[in-house]
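In what follows, structures are represented as structure tokens.
The two complexes that follow have chain A in common; it is paired with chain B in the first and with chain C in the second.
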Partner chain A sequence: MSLLAQSIINGLITGSIYALVAAGYSLIYSTNNFMHFAHGISVVAAGYMVYWLFTLAGTPFYVTCIITVILSALFGLAMYRLIYLPLQRKGASNVILLIASIGILTFFQNVIQIAFGSGVKLIGYIEVAKGITFAGITMTLLQIVILVISFIIFIMLYQFMQRTKLGRNMRAVSNNKELASIVGINHIRVSDFSFLIGSGLAGVAGILVALEQNLSPLMGTNLMIKGFTGAVIGGINYVPGSIVGSFLLGLAENLGILVLPSGYKDAIAFSMLFLFLLFKPNGILGKKEGRFDK
Partner chain B sequence: MRTGKFGKVAIVMLIILGILFTAGCTDTEEVTEDTGEDTITVGIMGPYTGGAAVYGNAAKDGAMLAFNEANLSNVEVIVEDTKSETKEAATAMNKMVSVDNVQAVVGDLISAATLAAAPIAEQNQVVMISPASTSTDVSDAGDYIFRTIPGDDGQGIFAAQTMSDAGYTKLALLYTNDQYGNGLATIITEEFTSLGGEIVAEETYEAGSSDMRTQLTKIKDANPEVVYIVSNTPDSSVALLRQVTEIGIEADIYGSEGLKVGSILELGDSVEGITITSVSPESEEFKQKYMDEYGEEPPAFAAQAYDAATAIIMAIEDGATNGEEIKDKLYEMEFDGASGHIKFDENGDVEGGYVLVEVQDGAFVTLEE
Partner chain C sequence: MIISAYQTHIFILIFIYIILAVSLNLALGYTGLLNLGHVAFYGIGAYTSALLAIEGMPYLAAMIIAGLFASVFGYLLVTATDRLKGDYLAMATLGFSFVVYSLLLNLREITRGAMGIPGIPKPSILGLTVRTNDQYLIFVLLICAISVFIMYRIVKSPFGKLLEANRDNAVCLRVLGKNTFGLKYKAMMISAFFAGISGSLYAHYITFIDPTSFYISELILILTIVIVGGLASIKGSIVATAVIIYVPEILRTLDLPSSVLGPVRQALYAAILIAILMLRPRGIFGKVDLE
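Here is the complex of A and B:
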């Protein structure tokens, strides 16, 4: 029994990390309509920023977190303004932008590797110790914090998308870019904000991933693939959907290997990705008028 | 068009940096001047980027130390990065054989990568000496395939016997789902059960992944007395050991030599008392030489790479000029290397010895046998 309960908790922890990656990714996808795979590097860069500011330079932890989130947001904006937007203005198709995003991901992975080396980095803010056991479930304080922070962020994000003018504009652009332009919404400005907010979320994800796991230059690819899979499962053009999808993915991976040999963990994730792409490309909660079937 | 000048400049800069970076990957490190007709080209290949880069760079440094020391006028050394990927190893070997005309290669490290490159080397009569591939399959990879590290059979049997001698009867295995992990796990299972022990749980994970909580939860549920961990990437080693503590596994922890990386020591008290089965340590003389050159203690596989390079150098000094002659000399030679006594058997394997290393007060301490 406790094995099942513990696995559900493990799935939720994994899922919350996937969801933090997927939320920002899906926010950017829904307003810009191209695959921003370099989102993964925003997460990793944020993690290394924490390592640099906190572990190496000794900046207080909370200051480090604030600086990291702000710089991540600006990093995202810079990617849009310096690379994607100029390419779009030259009439580049979404495939070109996808390739450009993979290029950015690879490029910065190598920059990080040159700057920090290929070894594993530990933040060392929290001492490694046995988690708190409650009703047969063991969780560390950090994992509880991660779950709580992700829930708070997701609620805030949802409220923002539903209640604020900017959020409504984002949904309008996501829904129909031409129509949004006609009613006077500046889609470049909306894209600016989607990159700022989405990459800021990547900053939060980076901080939490750096604390919960370790840092290595190549971790971005894996995080991105899992975040993308979660987003597709839940509905890539709808932020709440991609969050739900990521939690489902985390649960499926961890519950799946209770029955199957653990070597099948990634196979479970990718089988789900294929099944959804084939039979439900808009995901569980994705909108019918989504771009995948156009 | 309103595309800012800055945007264009940034793109051009990215492209230029990209080219520079790619060019930097295949640097040719010439040891001496090319003297013309009888230059023998020797390659070093391994993962200098990617998950296993820490080990790859150590091996490259170790091998370069030997080549620089020998300073042979008729040897040119080239380096190829195989990026911790199997297909890259085959690509690198193909390139070295067809473009650079190499006769002997030190590398690869990862067993799967070595095995991917081995058929190409064998077919083209190029000698390959791996400083780190321990998979049992490497023994049968071909006449031209050697290694200066003993195979997994040795480590597996040693690990199983050590744990059995220590009185453990219920063992849980957690290993990477690849050639190395599966090979080692099979040998430990066979040996440990034949010694009267029982394998109570067997879990795997993908090399480089950092979330093994559910695997560890299953292991905890099986209530083992001891857990043996097989890891060959530092990412996974650190993540695993951290999660072992967090999940609260009470069993004693043993592990393969992949756990012997400096970064696990940063986990502090939680890794105290972990026991690692490791190949015999490098000679003091080599340790000193390496420290003088690179300013740090030699990481795993540096000594084995030094010996692999030394073997090739000795064969060339002895008059060998091509892959076939180097191969013949290798089967005849015998010397005391940095990593121990080197004598290749008919499979191109060395015997080697093992020791136990324990984490004590935040350092790796070799236990007296």
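Here is the complex of A and C:
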């Protein structure tokens, strides 16, 4: 019984990290309509930023966090302005943008590997790593912090999308780009902000990943696949959907390894990704938007 | 031999990658199938051939079966992704690469997982064993020439023209009474077959394979080759393979430590890919745009 409860808790914790990745990713997808696969590298770059500023340079932890989130947001904006937007202006198709984004992901993964080496890096912020056992379930303080922070962020994000003018503009562009342009919404400005906010969320995810797991340069691909899978399960063009999908993925992985060998964690995620893309590409909660060959 | 041992090695790799790149171009360029799962066919071919040869199967049979087995997966992939198009098709095929990668990693009883498969025998044909790298170079050159010749004849044939017509306007082709789904299956299966062959050549040359040889970094490399060379151009893929495999070897003269050399090369491939997409998306000899 407690094993089951522990698996559910672990699933929620993993799920909340996936959800942070997926939320940013699907925010960017919904307003831009192309697969920003390089989102994964924003997460890893943020993790290494924490390692560099906090562990190596000794910057105070909270200052490090603020700088990291701001730099991640700007990194995302730079990718949009320097690579995606010029490509779009030349009339590149979504597939070209997808291939370019895989290229960006690989490029920066290798740059990080050159700069920091391929070995695993530890942040060493141990104040929060103490385990707390409650009713047979063990959690570290850090894991509780991860859950709380991600829930606060999701509520803020939802409120932002529903209540603010910018959030409404984003939903308008995501709903219908042409109509949004007709009523005077500048979709490039909206895209700018979606990259800023989405990549800022990646920055938060990166900080939490850096604290919870060890850093390695090649983790970006895996995190991206997980975030992407979560987004696809819930509905890639609908931010709340992708958050729900990510939690489902986290639970599926952690409950799945109760019956399968633990090495199959990734295989569970990959298979879910493949099956959802084939049979339910709009996800559980996503908007019905025809993507099939008509 | 007139060329150094190291150059022999590079040339062998170039010929293996030519088969791989031309076969991807057959699907991606000529047929317009946005297949990001090609690297999985390559891996399936390598593992099949390696495992069969270790069990004592003659090399040529192992190689052909490797190709056919990859081809079966090509059939399954088209069956599964038939209804998808555009970036969703690209993502689903990329997902297929991930699934195959994680299976290679996790089916430990068969593939030995991350430990990889060592001691893959060198090819032996009709009692003649290919022992030295010089002999392997000649062997690979021969297989490469045959493969590229077959694929060249396919794309120049009426069937090849149908593939291109299907890429450019599938609806028109259906109006003319052609079975466009059948075309996709055939093209993908041929493409996967040759990817499997090149996987087999790779496995028996290096004599050790593990799942990381068939993942994203390989995918970036062959995509870069095909896009730099140009879609729907066999000549382009051949030239681009030679250039893209050979040029980074200049890096070796910089005397970098070997732990940095690999990432530098990978970063360079990715940078070339982004640059060509931004500057000249049709590649050097390309005739069509990627849609």
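Here is the rule we use: the second predicted complex is superposed on the first by the 284 of 294 C-alpha atoms of A that agree within 3 Å, B and C clash if a C-alpha of one lies under 4 Å from a C-alpha of the other, contacts with A are read in each partner's own complex, and residues count from 1 in each chain.
Here, a contact is a pair of C-beta atoms (placed from the backbone, for glycine too) under 8 Å apart; a residue touches a chain by one contact, two chains touch by 3 or more.
All figures in this text were calculated on a predicted structure; none of them were measured in a lab.
If you put the two complexes together on chain A, you find that chain B and chain C bump into each other. Contacts of A:Thr140 after superposition: chain B is touched, whereas chain C is not reached. Once the two complexes are laid over each other on the shared chain, residue contacts for A:Asp266 go to chain B and to chain C alike.
Of the two partner chains placed by superposition, A:Val239 touches none, neither chain B nor chain C.
In the superposition on chain A, A:Val190 makes contact with neither chain B nor chain C. In the overlay built on the shared chain, the residue A:Val173 is in contact with neither chain B nor chain C. In the superposition on chain A, A:Ile153 contacts neither chain B nor chain C. In the superposed model, A:Ala23 lies in contact with neither chain B nor chain C. Of the two partner chains placed around the shared chain by superposition, chain C is the only one that A:Leu277 touches, whereas chain B remains out of contact. Once the two complexes are overlaid on the shared chain, A:Lys90 sits against chain B and chain C alike. Once the complexes are superposed on chain A, the part of chain C occupying the same space as chain B corresponds, among 6-14, 24-32, 60-68 or 150-158, to 6-14.
The contact surfaces that chain B and chain C form on chain A in the two complexes overlap at residues 83, 86, 90, 103, 107, 110, 113, 118, 261, 263, 266. Note for the complex: chain B touches chain A at residues 1-4, 6-8, 10-11, 14, 17-18, 21, 49-51, 53-54, 57, 177, 203-206, 208-211, 213-215, 217-218, 221, 234-235, 237-239, 242, 245-248, 261-263, 266-270. Put simply, chain C touches chain A in their complex at residues 34, 80-81, 83-88, 90-92, 94-96, 98-99, 101-103, 105-106, 108, 113, 216-217, 219-220, 223-224, 227, 259-260, 263-264, 266-267, 269-271, 273-274, 277-278, 281, 289-291. Considering their complex, residues 2-3, 6-7, 10-11, 13-14, 81-83, 85-86, 89-90, 103, 107, 110, 113, 118-122, 124, 127-131, 133, 138, 140, 213-214, 216, 218-219, 222, 253-254, 257-258, 261-263, 265-266 of chain A touch chain B.
Of all residues in chain A, those touching chain C in their complex are 34-35, 83, 86-87, 90, 92-100, 102-104, 106-107, 109-111, 113-114, 117-118, 221, 225, 228, 261, 263-264, 266-267, 270-271, 273-274, 277-278, 281, 291-293.
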